[in-house]
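What follows is a set of structures to go through.
Across the two complexes that follow, chain A remains constant while its partner is chain B and subsequently chain C.
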Partner chain A sequence: MQHFDTIIIGGGPAGLEAAARLSKFDKHVLIIEKDPALGGKLLLWDKLFPDFASSEELLHQLIENIKNDNVKVSLNTGIKEIENEGGLWNIIDNHNNKYSAKALLLATGFDVFDASRKEEYGYRIYPNVITSVDLEKILSGEVSHAEPKKVVFIQCVGSRDEKVGNHFCSKNCCICAVKQAIEVKEMYPNSEVYCFYMDLRMFGESYEELYRKAQQDYGITFIRGRVSEVSPTYHGQVQIKAEDTLLSRPIRLTADLVVLMVGMEASEGTVEIGKKLQIGGNYDYFKSKNQHLADNLTYLDGIFVAGTSKRQMSIPETMKDAAAAALEINNYLN
Partner chain B sequence: MKIEIIEKLKEDVRYKEALTACMNCGVCTAICPAAEFYKYDPRTICNIVQSNNVDEIEDLLNSETIWYCGQCMSCKTRCPRGNVPGMLITVLRKISQEMGYFVNSEKGRQQLAIKRTVGENIINAGYCVHPDIVDPDLHPEQGPVWRWFINNIKEVSPKMGAVYHQETAGALRAISKDTLDEIKSIFKVTGGEEFYKKIEHFSSEKAKDFQSNADYDYMIKVYTTDSGDHTR
Partner chain C sequence: MKFGFSLNTSRTIDLDKLDKKKQESFTDDIPTFKRCFACGGCAATCSAQQHTDFNVLKCNLLFRRGEFETLEKELEKCMLCGKCTLVCPRNVNTRAMIIKMRRTLNTKTNL
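On to the complex of A and B.
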């Protein structure tokens, strides 16, 4: 049995940032990560909104910050058991290693919505329908794609949708589509780019400005209306159907590439641990003790939560939340 | 009278089922087959009903637009808020029929023909649709073969496995008097009979505007009149 001050479950931005902060408080931390590499969902993105910062550089910096004697990392590691014994949290991992700590930080993050659940959009049915995550690989050059003449972005795929059980807004997709639309236009300057939305929620710093830039400088067309379906055309393109709700007019548009802006859902790990510890809340995200006053605490003594395992957050929000969690944990340990 | 519209709307259980809070995303119109051809927008209808503006709702009851819906309910399959614009339409139609607004639109006036065909078929024959009543004159869309089929129905039916007017099991069988009486009493108890009377009543009032008395010719006239101003 190895003992730590804090065990962090999840090695994404939240887990890494919290670990770095706690190590500065001279606390001994173990990060348990199920995947073979640190970074979580950061690994899926090439550039970040709204400033096109490199996710690779950010991840590099986050990992640099935990390179000290106070932080240990265990990759490829799943959680088998979590139990409280005399005020200590004992963990058994999938390799049957045993650890204990006074505090646990759950930073198990989100999963990307599985777009094939919205069958009407044809993901995994038509090859020219991809997700925002797939597009990142094209933008980074990892995957090649024939130059498209018309590109359509569809917002709210898996978000604000009773049909898939997700009433919530994933909140990052609006600005992400603006970022990606600009990148597509830079990659293929001759392409026409359309974005179908219900509401555009440009809540963050310089998001609205980027949206305006997309319209003014890049000529990207934003149409207010939710797309009802994507169907194939005879010539191997796809046709989308929507209503331009501002003009009260049904429209059809033929595109070479359709990008589904997939939303966020509680990750598999979040759901699992939430059930195990009975701290799951809405949509299986972790429920914090008090959203206003104790957002990193749970109803269980010594169990802390941070980042997108709790609700939809952007990366800067996640990092701030992780820093706040580290402060709470430090107070708790002292 | 106008305030009655809102009352009738809100007491209908289908209204409660059909509309909670529409966010005007337009996915219903985007999937709607009727909206592709007719000047019809289910989203706008939800929007108007949601506004509680009695004048605008009254305009809907008088309008052509509520009669364009084909009741396919595709809108139900897509709405991210669980609304059913198609069902909302059924409520608006019912109010329009009950309060007599339907005679003020070309498509609405055709309710008389539906009542006298499908509506009466149920009561008189026990069928909504039966070859005896699908008059080739009324249904040119069936093509010339239909008239030939009607003229030779006795000979053709057995070849198609039907038991035309026979008192046995199978398609096109005769419906017994007991069953028909039961259907009649269901219509009486549930208000269907009264509802049919209203369609006739408002139609015959309207027929006076056309110097007619809601006879067969009047019905054929409202059934076949097409201003050509319905499609996009």
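On to the complex of A and C.
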């Protein structure tokens, strides 16, 4: 049995930032990550909103920050058991290694909504319907794609939608669509780019400015109306139908590429651990003790939460939340 | 003496004149209609809307704003196929909403 001050489950931005902070407090930390690499969902994005920062550089910095004797990392590792014994949290991983720690930080993150659940949008049926995650690969050059003449973004795919059981707004996809629409225009300057939205939620610093830039400098067309269906045309394109809710008239458009702005959901790991420890809340996200006063604490002594395992967050929010969690844990350990 | 012009009636929606009672009796039966966020999904999928200016979402708004006279004429155009109900992301029972509105307002195509 190896002993640590804190075990962090999840090696995404939240887990990494919390580990870096705790190591500065001279605490011994173990990060357990189920994937073969650190970074979590950061690995799916090329550039970040709203400043087009490189996610690769951010990840590099986050990993640099944990390179010290206080932090151990265990990759390709799942959790088999979590148990409390006399105030200590004991963990058995899927390789049957045993660890224990006084504090456990859950940073199990989110999963991207599976767009094929919204059949009417034709994801995995028509090849020119892709998700925002797929688009990142085209933008980064990892995947090549024929130059599209017309590109349509559809927002709120899997979010704010009772039909798929997600009432919540995923919060990040609006601004992500604005970012990606600009990037598409930069990559294909001759393309027409449309964005179908229900609301545009530009809540963060300089988001509204980016939206204005998208309209004014990049000529991106924003249309208020939820797309009801995507259907194929004889020429291998797709046609989308919506209601222009501002003009009160149906609107249709043929596109070469449709990008579905997929939202967030509690990750598999979050759901599983939430059930195991009975700290699951709304939509299977972890429930913190008090959103205002004790947002990194749970109802279990010694179990802390950070980042998108709790609710939808942007990366800067996640980093702050992780730093706050590290502070709480340090107080708890001392 | 005739001057050749007359007063135009105001286009303003006057919420002060809203018939709350009519609305409330409706709301009790179809509470889901209150949570429509005007996304237009229902209208976009409506078969009647391709060729007429019928608009489910607008019916909802007209009712909520107390524009009953305009609404009454609108309601006649609905074929009650229920396609709209299938797509609504807020699970508004749009079909039931139209039927109930027709009853409440004694529309010609009353059921």
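As a working rule, the second predicted complex is superposed on the first by the 334 of 334 C-alpha atoms of A that agree within 3 Å, B and C clash if a C-alpha of one lies under 4 Å from a C-alpha of the other, contacts with A are read in each partner's own complex, and residues count from 1 in each chain.
Methods note: contacts are C-beta pairs under 8 Å (C-beta built on N, C-alpha and C of every residue); 3 or more make two chains touch, one makes a residue touch a chain.
Note that the coordinates shown come from a computational prediction; the quantities given were computed from them, not determined experimentally.
Trainee: Could you classify chain B and chain C on chain A, in the superposed arrangement, as clash or fit?
Mentor: clash
Trainee: Thinking of the overlay built on chain A, is A:163 touched by chain B (first), by chain C (second), by both, or by neither?
Mentor: A:163 sits against chain B and chain C alike.
Trainee: For A:120, select first, second, both or neither according to whether it touches chain B, chain C, the two together, or no partner.
Mentor: In the superposed model, A:120 contacts both chain B and chain C.
Trainee: Touching A:250, do we find chain B (first), chain C (second), both, or neither?
Mentor: After superposing on A, A:250 lies in contact with both chain B and chain C.
Trainee: Would you mind checking which of 56-64, 146-154, 200-208 or 218-226 on chain B runs into chain C after superposing?
Mentor: 56-64
Trainee: Under the contact rule defined above, give the chain A residues that sit at the interface with chain B and also at the interface with chain C.
Mentor: Residues 120, 156, 160-163, 198, 224-229, 241-245, 248, 250, which sit in both footprints.
Trainee: Looking at the complex, which residues from chain A come into contact with chain C?
Mentor: Counting only chain A, the residues touching chain C are 120, 156, 160-163, 198-199, 224-229, 241-245, 248-250.
Trainee: With touch defined as at the start, can you tell me which chain C residues reach chain A in the complex?
Mentor: Where chain C meets chain A, its residues are 37-45, 49-50, 53, 55, 57-58, 87-91.
Trainee: Considering the complex alone, what residue numbers of chain B touch chain A?
Mentor: Answer in residue numbers: 23-32, 35-36, 41, 43-44, 78-82.
Trainee: Which residues of chain A touch chain B in their complex?
Mentor: The touching residues are 120, 156, 160-163, 198, 224-229, 241-245, 248, 250.
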